[in-house]
Amino acid sequence: MISRLKRSVSVKILFVILVVALLAGGCASADPENTINISGSSSIQPLSEELANAFMEENSEITINVAGGGSSAGIKATRDGTSDIGASSRELESDEREGLTVIPIAIDGITLVVNPESQVDNLTLEQVRLIYSGQITNWSEVGGKDGAINTFTREEGSGTRGAFEDLVMKGAKISSKTGVQNTTGSLRTAVAGDPHAIAYISLGNVNDSIKVLAVDGVMPESETIKNGSYKLTRSFFYLTGEQPRGNARNFIDFVLSPDGQQIVRQNFISISDN
Amino acid sequence: MLLLFALASILVVVLVGLFVFLQGYPLLAKTGFFTFLTGLEWLPGEGIFGILPMVIGTLAVTLGALIIGVPLGVTTAVFLAEYAPERIAFWTRRAVELLAGIPSVVYGLFGMTVIVPLVRHVALNWFGDLLSPEMRTGYGILAASLVLGIMILPTIVSISEDALRAVPKAYKEGSYALGVHQWQTIWHNTLPAAGTGIMSSVILGMGRAIGETMAILMVAGNAPAFPTSIFSPVRTLSGNIGLEMSYASGEHAQALFATGVVLFIVIMILNGLALLIARKGANA
Amino acid sequence: MKMPIQEKLAKWFIWGSALLTVSILALIVGYVMVQGLGQLSISFFLENPRKMGSEGGIFSPLVGTIYFTLLTMLLAIPVGVGAAVYLSEFTREGPLVRVIRFFSDALAGIPSIVIGLFGFAFFVVLLEPITGGWSIISGSLTAFCMILPIIIRVTEEALQAIPNSYREGSLALGVSKWDTVMNVVLPSALPGIFTASLLGIGRVIGETAALLLTLGGSLLIPKSIFSPARTLSMHLYLVAMETGEFGVAFGTAAVLILLILLINLGGYYLVQRLTRRMVGD
């Protein structure tokens, strides 16, 4: 009986220690003054992380949390004040803009990608539209080897999809049978593993596992995007409340500075080049 | 104080139901619950919200999972309860527990990198021209059913085994005394006697299958269209929420909460059904 | 008596299907290990993720997982055990208990994504001034809702397995009901409570869908319970899906499976020892 009593006491002590440890951890560091929360588009997330790391190296007292969640979540969080900065890969609707400052930070190209085995190198904008609306279904119709075209798209609400619909579909509907993946990475995986697949992803996410197509004869590269000959482009935006203040202001100034834009150029197009 | 803790479950269920309903209500009120449920098209960009294709998708994937998971699960339960030597049963049970412990994203990763390419291979090489393009990607009902079928195994095995073990020994011994063999006895006496328990294992497995999100998202192809073959890509109700919640706003977000309301109702009906069956079993 | 062919076939069939079940497990675990173990190194555990996790290690998700799991269990164990004690020690089977049980079972069945929707609307959005929006506390409160039924159910089973003579002995000595429960019943149920906690931890570690909506997914090391964080399961999903870097994803998957193995087998071993020590008293 005694040993049992002891044990129940030791369990209680353990419990108290745990609580204290957690609370101590909780109190020691809650420092909202020096924290910047960024949330929003997953297309912008890697860029935000690079920018945040560079900024934190210079300003070690500042912590920047970069979360994804999507453009709409970022817009909402910025309006609510949950995030100091929101990241959106799509233009804001007029009612969404209300009370927010919208700052373009980079230009992105939307690229059409296929499996490296594909013999197709170029599609016209018209062909892309017909493929995604389900009217062209075989690669032989666009100069490839005979084989059905497997189309993949992002989900409704994605900034990349929104831009694709605006720039390519122009009112035509993406066929409802099109495979839907909710991330760039999973689209890339689908294309990398399937010789008949086609998808569209952000220029910053292109890698060796997939092949990028020219559109209307123009390859998406920083030059062609800068001079406007590659048409499928969109801007990345940071959003803040009425006027960015304090640390958020400093961070956005850094992003727009030559140093910040140099980081942008690693994977995207600088807004100062456009 | 303790009573308060005990009431916590009720509080949580009520809060969950209430909040999801409140968030989804504006849209449901606007389109009407029935129109939402039976709408054929899901076009959030144009403000059109119909989830019938996803209801069908959920049914198809769940049915597929049951076709794979129930026979395998119940026979494994029979093995554990009737055939297995104690040591082997012990380790098999550990294995089933481990299967239950594997995170669903790991199943999803396995599905994406092993099962989807396998299904794509089968679709291309065995059925080839019979299938329309969207069915040749590997993502679809078949891949999702295979992954889900495995995921519901532990639920079915453990609850069915409990049910089989709860069958009074007298049932079996009477049969053996008459010279009836083991399998005959199991088939004619034990399995029917454990019927309600097995049935509730199937219903709980069904609940698990309907609720699963991440693994399904990674392998189902997620197209909001009516499936026409087992290779068709489909979107499930839970997949719909997981897929679009992060980017949704306004009515679109409300529509996803409304999808949550439908899921909530379906699961509550299944729970009630399981309870009813359990009670019937207890009375019998 | 010779075994009829039907019996033999049935026997083969049953053994075969059990073998298949175990093989599926072996296949999945084996595949993940083969793909993932090569990724593991000291630096994989101790480095922070870079480039959205496609490079670097898993240090911050590991810290996030520990922080988040601890807080969740800290919430769930007292409430879950308290509820179980109430249900099995302080009340008799009646309509109230039946209603509580029904809701507890119902809660266990609610899909985690639906609980995630609730957590998002309630903890992240409505209680934002308190929880800080997407944060460990929001994620933990959401996960708490999910594992409460498991803790209640398993603890209750453990309490019911304690012989009534323990309670009667203590009560006969004039010890109050409350002290009897605290000093006799609960300590004897410790192995069961431990099992319940392990099951809860396993479930929490494996959860992803609800946490994507509530925990935030930050790659930074969380500074307090009001910071956003990312667990290993979320990290695996986000890395695999956002970056397509399957190497890191499989490495993370291998760590997750090792953790689950540790919890299942190590936990089982500990429960056995605990039980033996209890009996040895």
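Going by the order they are written in, the chains are A, B and C; count residues from 1 in each one.
The criterion applied here is as follows: a contact is a pair of C-beta atoms (placed from the backbone, for glycine too) under 8 Å apart; a residue touches a chain by one contact, two chains touch by 3 or more.
In this text the structure is predicted, and so the values were computed from the model without any measurement.
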{"item": "Chain separated most widely from chain C, comparing mean CA positions", "value": "A"}
{"item": "Selected pair, greater C-beta contact count between A-B and B-C", "value": "B-C"}
{"item": "Whole-Å separation of chain centres (CA-atom averages), chain A against chain B", "value": "32"}
{"item": "Distance between chain centroids, defined by C-alpha means - chain B, chain C (Å)", "value": "20"}
{"item": "Sequence positions of chain B contacting 2 or more other chains", "value": "112, 218, 242, 246"}
{"item": "Junction residues of chain A - those touching two or more other chains", "value": "42, 68-69, 181-182, 186, 189"}
{"item": "Residues of chain C whose C-beta touches two or more other chains", "value": "240-241, 246"}
{"item": "Touch list for chain A against partner chain C, complex", "value": "3-5, 7-8, 11, 18-19, 22, 25-31, 37, 39, 42, 45-46, 49-50, 63-69, 77, 80-83, 181-186, 188-189, 192, 207, 209"}
{"item": "Chain C - residues contacting chain A, complex", "value": "51-52, 67, 70-71, 74, 124-125, 128, 132-134, 182-184, 186-188, 190, 216-220, 223-228, 238-246, 281"}
{"item": "Chain A-touching residues of chain B, taken from the complex the two chains share", "value": "41-45, 53, 112, 116-117, 120, 132-134, 136-139, 217-218, 221-225, 232-233, 235, 242-244, 246-249, 252-253"}
{"item": "Complex interface listing, chain A residues touching chain B", "value": "42, 68-73, 75-76, 96, 137, 148-152, 155-159, 162, 165, 173, 176-182, 186, 189-190, 193-194, 196-197"}
{"item": "For the chain B and chain C complex, residues of the former touching the latter", "value": "1-3, 5-10, 12-13, 15-16, 19-20, 22-23, 71-73, 75-76, 78-80, 82-84, 92, 94-99, 101-110, 112-114, 150, 153, 157, 179, 181-184, 186-187, 204, 207, 210-214, 218, 238, 241-242, 245-246, 256-257, 260, 263-264, 267-268, 270-271, 274-275"}
